[in-house]
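Please go over the structures that come below.
Two complexes come next, and they have one chain in common, subunit A, joined by subunit B in the first and subunit C in the second.
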Partner chain A sequence: MMWQQLQSIAGSYPLALRGLGMTVMLSLISLVLGTLIGFGLGILRTGGNRLIGGVIGAWVDLIRGTPFLVQIFLIFFILPELGIELDALTAGIIALTNLAACFICEIVVAGIRSVPTGQVEAALASGLSRWQRMRQVVLPQAMRIVLPPLVGQYVLLIKDSSVVSAIGLTDLTRVGWLVVQRVPNGLLVFFLVGLGYFIVCYPLIMLARRLEQRMGAAHGEVQL
Partner chain B sequence: MLENFSFRTIVEYLPLFGQGLVTTVWLSVLSFAGALAVGIVLAAMNLQRGRLFRIPAKAYIDAVRATPLLAQLYFLYFGLPRLGIILPELVVGILALSLNSGAYVAEIIRAGILSIPRGQVEAGVASGMTYVQRMRLVILPQAFKVTIPPLLGQAIVLVKDSALLSLIAVAELTRAGQLLASDRFMPAEGFITIAAFYLLLYYGLKGLAALSERRLGLAGART
Partner chain C sequence: MTSNRSKNGTGMIEFRGVNKWFGTLNVLKDITLSVEPREVVVVCGPSGSGKSTLIRCINGLETIRDGDLVVDGQRLGDPATNMTRLRTEIGFVFQSFNLYPHKTALENVTLAPIHVRKIPRTEAEKAGRELLAKVGLADKVNAYPAQLSGGQQQRVAIARCLGMRPKIMLFDEPTSALDPEMISEVLDVMVAVAEEGMTMMVVTHEMGFARKVAQRVVFMDAGAIVESGTPDEFFSHPKTDRSRAFLSKILRH
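For the complex of A and B:
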């Protein structure tokens, strides 16, 4: 019985690999896009324009205040009603990218605000343009605050990608769900699913911890 | 197009949404209480000098933090019957949320206790206090204060996470939206309404967190 189940689970390894591939691909795409958009939003939000800052702030709050599952359903079921046809994969990428961008925006804003105003004033006095100030003075210093939670955010993103299984995308969690219908051993199947995520996420958690210690220690500060 | 967005249907289904909201609230409260219990035990184990307690606690916390809640939920949902434990979906859901949030709560409590300056502990020792007295009279009252805002942050995460319980058919808020989407083919009405309810809970908890920070004199000390 146990042996049969093991064989059956082992036989699903192509499916499992496909699921893991889907999870990694989804996470990577939305991680890259979300980071770019998140940094853009964060810089815009601290840019001084009240209206733009307010709109971004309100959007970030809407996303932070609702469950990711509800956001996926909204995108997947409502965009088609507005005449935008999209498949589950596109909906998943849009939802995850948007989520990542909003959380990263908050992290970037906190980082930029942590840079002492004297630094900006000095850059201003040196005649640096706005873009030069941001790129050469503010962002390099902000990164110290930004980096540890950014890596932590990537872990959250990979874990949140499991929720896209709810709209039928065959990611790692969905594969577990499919396999457990044939092999009624939920403990073993979802232990293996969890192991798949653990292998991807745990190194990142360790990295975030290391960064936190390093960034804090380098500047003689207590932890964030 | 959304031009035939039906507020009437929303009003018609309002009792269902209300029930869903109430269920989400009380199951979140129960799960958070569970998470506090799990978190306190784990934090206490994690702060011991002996490895016997520390290593299992650390392993548990890492395992929970490195895997998605949905996989944990399915692990219990499909796995417990295998052990001969048949529980209603709702109980499985509360269990999963407690066990998951407990790991995060443990880290918050540990950080709170470690934030108390060593001098306080030494002063306790010098005054001849026992370990329990030092914990109860010196460390915990101070740590309690610092942990309130991040604990409320974790409560916000928990309320949002509870939406996943709809996937194992627990009749909470998100499930109510799904019903409207599937029975009446009105996903917009269903999901926008529940999003609004979740925002209500979010702003409530967020306001409470801000208030506690001000009242406890912690403004700007957020972790």
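For the complex of A and C:
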């Protein structure tokens, strides 16, 4: 019986690959966009304009303080009520990008604030413009702090992407739900689904760990 | 141009009735002080007397509450004054060096010339190497700050300022964070800069330096300028009890 189930599951590998592909594509697009937007928001938030900083801070808190499932439902079911038609994929990308941007914004803000004021003063004193100070002096130093948790955050976001199955996107998790209807062995099916996520995430976990070690060592060196 | 300004009684740096508060603390009290082009002024006084704040106001790291502060003919806080541009004319050397740790000595020196002055990279690097050689660090061009001693870092920091060819150099306790054996190598560089005719304000307790190159010593206490005179006058015949008390403390060692 186990053998038959395995065979049956093996037969659905094209579906499984499609699901894995959807998970990877959705995560990749959202993480790239979320990283760009997250850095932009983080830089704006530390930029000194109280209004902009306050608005971004409030939005980030709101997103961090509500379940992702609820956010995705709001985007997918409420926006069409307001006349904005979205397919499930677009809704999924928007929701996951927004989530990624908010978490990454927090990481970037922490990184920027970790750069000693003396560095900014030195850049200021030599006449660098606001953007030059950010680009040449602050960001390169903030990156040491930002990179390890950033990669760690990617892992969390890839796993969070499983929530998009709730609005009907055929990602890896939804493939699990579909297969389990034909092969009544939830343990086996979802073990394989979990394995799929793990295969995608594990290299990133290793990368985060290596970055942390390298940054730790490099940072010790820099201590004056 | 500069001589014109001097005739009009307008120095390179002009404080006129400047006041500053941190909260309710009056950190600069009615400061009036004029620094002429090519003049070297040493500012000393007990800690917390406002000397660092005084020079940090000149390049706008601190803002003043009232009074006028005119630097190189431009009034600070005036909407017509481009603070970023004015800062390119003012070198600032920090107590804690503040070199960029992710950049080599040469990159520290060339960053602002390349990005602010828009000097071509090869030209900026050539000038940067010459400056590092001038401060005695020709062999440390590619070293990172973490690989340099405190004295070497401070010399790179001075070269970094000189790279912008400033009209004014401000030094905020440049040797206070250094081990004793490294102080003279930094002071030697500062003397050389002074002898080339740079307008300088130096917050320091290095009285040997003051005697050697300063035209004037300004003594501050509790946010006010208490006394001002030639190094000889100040060290040999201090006029106030406060300056005598201060001198007896720093000269005892």
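What to note about this one:
In this section, the second predicted complex is superposed on the first by the 220 of 224 C-alpha atoms of A that agree within 3 Å, B and C clash if a C-alpha of one lies under 4 Å from a C-alpha of the other, contacts with A are read in each partner's own complex, and residues count from 1 in each chain.
Note that a contact is a pair of C-beta atoms (placed from the backbone, for glycine too) under 8 Å apart; a residue touches a chain by one contact, two chains touch by 3 or more.
Every value quoted in this text rests on a predicted model; they were computed, and no experiment measured them.
With subunit A as the common reference, the superposed partners subunit B and subunit C fit together side by side.
In the overlay built on the shared chain, the residue A:Val146 is in contact with neither subunit B nor subunit C.
Comparing subunit C and subunit B on the residues of subunit A they touch gives the larger count to B.
In the superposition on chain A, contact of A:Val137 is made with subunit C only, not with subunit B. Of the two partner chains placed by superposition, only subunit B is touched by A:Thr173; subunit C is not.
In the superposition on chain A, A:Ala125 makes contact with subunit C only, not with subunit B.
Between subunit B and subunit C the least C-alpha distance in the superposed model amounts to 23 Å. The contact surfaces that subunit B and subunit C form on subunit A in the two complexes overlap at residues 224. Every residue of subunit A that touches subunit B in the complex is listed here, in rising order: 62, 64-71, 73-74, 77-78, 81-83, 155, 158-163, 165-166, 172-173, 176-177, 180, 184-187, 189-191, 193-194, 197-198, 201-202, 205, 224.
Here subunit B touches subunit A in the complex through residues 1-2, 62-63, 65-72, 74-75, 77-83, 160-164, 166-167, 174, 177-178, 181, 187-188, 191-192, 194-195, 198-199, 202-203, 206, 223, going by the rule given at the top.
For subunit A in complex with subunit C, the touching residues are 116, 118-119, 121-129, 132, 136-137, 140-141, 221-224.
In the complex of the two chains, the subunit C residues touching subunit A come out as 59, 61, 84-85, 87-88, 90-92, 94, 96-102, 111-112, 115-116, 145-146, 153, 160-161, 164.
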